[in-house]
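Two complexes come next, and they have one chain in common, subunit A, joined by subunit B in the first and subunit C in the second.
Showing the complex of A and B:
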């Protein structure tokens, strides 16, 4: 590749080639980025603002509010993980502290009712302070220690909130119910400011949307500031940063505390929205979900956080059982369609897809015929009332009529699929076709017998698998840009 | 005070059992950390899977109430299959989650391991449901088999746990100190590149380290099932934290340290639970971890490695 001008390096001169290679999605994103700033912001804000006018459906608004909430949480986590480069696994505990703190200050638990304007910012300060306390001993050590200390902190938080319904302080005989234990704290005050009280779903949606916009601008400005540059320097090479005179430990701690503070404030708002808090609101599942959003959106990218939160929150809602298109379960369409799309992307050269699919279809029908011949009464019989896909599948997959048997076989097939997938990554490319066909067939069986029956667990399984796959094959996330690594 | 002295011996026995289990888990953490400099977040869940494999073998070999083969053999088969299964699981985890990320930024393999951990938990949740599963140990080892010292009782199950753990630890020490593989492991943990240049097959050493470490965790899972009887899909999470605490307490990367750390942590936890309150059982390990990090981050037996640039 030629270098056009003096002082222009190869990477810059190749920009044309790279742009030609970009996918449609990347092109679309670039076009959006090239629009004038005001138009961009207008587009981004107008639709969310108008949403309550477009729909009166509380469910839609609740999901939209959840997306805003998770976006803010992901943005806060992104400060710690993306900007400073620390693995904070106790993030949800700060969120929980905000929630429980708000609950204690605004409920009948101790009959304290603090005004919202005081209690919500107070929770931010409390969580940030706790972040500093936790960070002080562990930040001096390598990142791994911080990860495990914060993970332990998150776990301890859940256990304490579960156990502290009968607290006896030393020197007193009184047993105090501090957190309500597993039953949580009910009947919290709503958010109320200047005599206005947020009581409808719409009101909370606007509160959450407003906090999203504020935090988005805050984090954006932060990232552009001197502080943001210092953080990036620490993330890339903390030793070099220190040599440049950056107070690395203090700034790390600051990033950690800011992330915690955002989580604390959102915890308070979340508690007020839900009007109750439970230990289960703040467990590892939420933590992993937030990490999935951050990693999917692309660590360090701001719009990515919102997109990640959107995809991970909205997708399970859209695909939940019962959603149908033309009589077919949407989740089923997504499973078969998604698998097919993945195969199309992954299999090169593409013509190989043809023999694989053909073998899969023919093999399946033969296997089904064999089982139907051996035990005609033991299989699910295709039913005219069922959807097209289900009908096709039941001519192709021998699914036992007996539900416990189907469940057990499905469980076995699940383990087989996991083992086969692991092995497939280790087999030389040419030898993959046959095991791949077997894996796909078994996967369809697992889907029909187990995964589609347990949507919430399936969702969590996919979240875990996604973290591994993204970290290994696309560490910049779906929407982030690949960083040029200088080794 | 009277009560304290009266209960102390029994608590020490209980602490010894728990400590043996923690030590087995801590060894896996420490070995992997030594060889790869990596914290394996999925380790606690490997232990959980081991407990479930043991449970599965148990259910097959003891379908109703009488074992199909002699009880001693049942236990041996449970341990062996669990070791093999979790060992292979460890190898799979290395392939899938860590191999490609050896030279990635530090945070990448941690998140990847977290994903594996979450996947394993939910895989067991999907296939085994959220119920507690019960090891009916009394069908194999009658609870009347016990040594009675007057002040303390030592049941046969606990003796078994301690014996198996001690045997495995002796075996591991022998392996690391006396065999070619052990020498290769130590070489890789000191300097991976130099070891590779000396002809050590680094990939193989790392795989075997994962195999052995995970097999130890799987054994711990079965042993816990035998002593405490109940297993469920989320048990690996806290156990992982405690195993890690034990490893840090002893000095991470240090094999005798992991054993000592496990023992100390088991004792501390049992005594705290026995004499303070069982409500805050899992908080104690965390407090110990933070204290160690504050006072002596290199652990009891660890040496402070100078940071190389």
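Showing the complex of A and C:
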């Protein structure tokens, strides 16, 4: 029998191809992974650690702190969603419990002031306990059903915090204001340890960064251990996991408890940072934001969580009007730069970019000249005081001086852009150039008249667009491992 | 010596369907016992009853003279019974070695704090599981070695997945291995090799084995004792030759023959998979 029983199989023989096929980003990531461990950690931690030295801007530090906070929350959520594989939509409630718990123990509400070293870990334990309670239905329910139950749990928490400003216990006439209702609980104590009190933005930034590093190491080690393997086994096939000696029920609850505990501790730190808590801090918006981070970064991937948190948190800050770099609006740079970068990536062969950009520039100037000739008083006049980009744009785009008119035209153009984008995907490749030029020109018009004026809507639109693109090109998320459901 | 596993008057029904009817048999330590029977005879149900996935309506299941009924599946695995699945149930998105290491859960002790602090105990245990997994995979020759360790399980061929399932079951350190149609979907060469492997599991691995199989070559090659089921009832028990020439077994496979039943052939040696 000369059958090559132990010969190379398909997977092995394709190694070369797979290596060659990897994109530059993948190559970059592989190179990074091949570096010694200490160098990796050093690279990762150096910039965040030095950030307060590089900038004295509290705003930047606050955003960086927020990124750390969201990263930790995403990492906690990832335990239940990514490792154990259960859809938990009640996660934010644990964050809220930590926050409100800390608020009650460290404010004038009941005049209790518990030391930080006790209250923060206590919130972790409390949330972990509640996590076990919420985890109990997961032993019986899965998939959509569990999602509904946990979503309800999250909603109940928000409702309770809103309503519990007038609580009357049975057998008592006294009405107690427990949570402050919609007004929340103000004037919380700052974190204070061994006589040191965290009062500056920098101090809280370091606290949040430290929690990120600790939780990252914690979750990484869990994932490598027998617990991580057992969790992933449950995600893959809980019946087989049970049959292989893994106590699936206990481990599901443990996953819920650890995730919730992390959220509880972060809730306490968040409350101390904000020095107040409101029901609105813990509603569905945050849940959706967290899930967007988890999905964007790649379910199950730890670095992905941090990256997802970074992108989703930084995006609205980039879009915020008034942030300027060298006299130019950051949002404007990001928009035109981003569009240009996207075109460079998507258009092949690259030389095609030249006629497209040329046609766009010349066409724009001609259109502007025509409108300026027809109605010279109705257009925005280029102003020397404006930034370079704005100046160029106003020589290129005919933007009406009349604001309501500009708004209405912008809305119409927005619809046109959406329709054109859909059409673009349907048109054969070689016929795309002209509609593409029109789309880009209209898009610039929409940006100048609408998108740049309403950053929060733009933020949602961009997040949505990002997720749609991701779903098509990289369903496993930026750092996620592709998963096979049936093979 | 008491039997390792004793099934004692066990019955199980689903709704109006009696799947297992008053079944009794035993497996002695070191034996290889085969369960045969036509499709729907209740063979897999017997396995599910032993491993605790189903609870019998009636009867007792004793393992080393201790009752198994009412234990959860993972407790039963802890006692020393491991199984493979007829329709493969690997942890597809985990690597080959992780599949095997995950099954070592029940005989590892590292607690949360030890894992997080990476104490020497945890490191030693981790090294031990890794070595155990490599050992178990080495049972299958070169097939699941070296570069394969870190491949995802879904990249394996069908036969290799079957082998990985057996390795995974071995990693729970069982005394009794339950194999549910290990040869299903394998080609004749692989089937032949599997027969050798099952023999080796007994001699080198010291496992007692209860095997469900349709492929009569495998059954003939390995069995100390064959038990035939039909409609959830035991219709024959004994050596391979006794059982395949048993009239009721032939009837169950081929249907009742009018007239002289002696000329009827034994059950087909071509595997009839479902």
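Heads up, the rule we're going with is that the second predicted complex is superposed on the first by the 323 of 487 C-alpha atoms of A that agree within 3 Å, B and C clash if a C-alpha of one lies under 4 Å from a C-alpha of the other, contacts with A are read in each partner's own complex, and residues count from 1 in each chain.
Simple rule for what comes next: a contact is a pair of C-beta atoms (placed from the backbone, for glycine too) under 8 Å apart; a residue touches a chain by one contact, two chains touch by 3 or more.
What you see is a predicted model; the values in this text were computed from it and never measured.
Trainee: Return first, second, both or neither, reflecting whether A:247 touches subunit B, subunit C, both chains, or no partner chain.
Mentor: So A:247 only meets subunit C here.
Trainee: After the superposition on A, what does A:463 contact: first (subunit B), second (subunit C), both or neither?
Mentor: first
Trainee: Just subunit B (first), just subunit C (second), both, or neither: which does A:439 touch?
Mentor: Touch status of A:439: no partner.
Trainee: Is A:119 contacted by the first partner subunit B, the second partner subunit C, both or neither?
Mentor: Neither partner.
Trainee: So in the superposed three-chain picture, is A:414 touching just subunit B, just subunit C, both, or none of them (first/second/both/neither)?
Mentor: first
Trainee: Does subunit B (first) or subunit C (second) touch A:238, or do both, or does neither?
Mentor: In the superposed model, A:238 contacts neither subunit B nor subunit C.
Trainee: In the three-chain superposition, say which chain, subunit B or subunit C, touches more residues of subunit A.
Mentor: B
Trainee: Both subunit B and subunit C touch subunit A; at which residues?
Mentor: Of subunit A, residues 239 contact subunit B in one complex and subunit C in the other.
Trainee: Where on subunit B is subunit A touching in the complex?
Mentor: My answer: residues 38-39, 41, 92, 95-97, 100-101, 104-112, 114-123, 125-127, 237-238, 241, 244-245, 248, 279-280, 282-283, 285-286, 289-290, 293-294, 297, 309.
Trainee: Enumerate the contact residues on subunit A facing subunit C in the complex.
Mentor: 1, 3, 6, 9, 11-12, 218, 221-222, 225-227, 229-230, 232-233, 236-237, 239-248, 481, 483-485, 487
Trainee: Sort out for me which residues of subunit A touch subunit B in the complex.
Mentor: Contact set of subunit A toward subunit B: 81, 85-87, 89, 137-138, 141-145, 147-149, 151-153, 155-156, 159-160, 163, 239, 284, 288, 291, 295, 411, 414-415, 418-419, 422, 425-426, 450-451, 454, 457-458, 460-461, 463-468, 471-473, 475.
Trainee: Please output the residues of subunit C touching subunit A within their complex, sorted ascending.
Mentor: So the residues of subunit C in touch with subunit A come to 51, 53, 72-74, 77-78, 82-83, 85, 89-94, 98-99, 101-108, 110, 112, 115-116, 118, 122, 125-126, 129, 141-143, 147, 151-152, 154-155, 157, 168-169, 171-172, 189.
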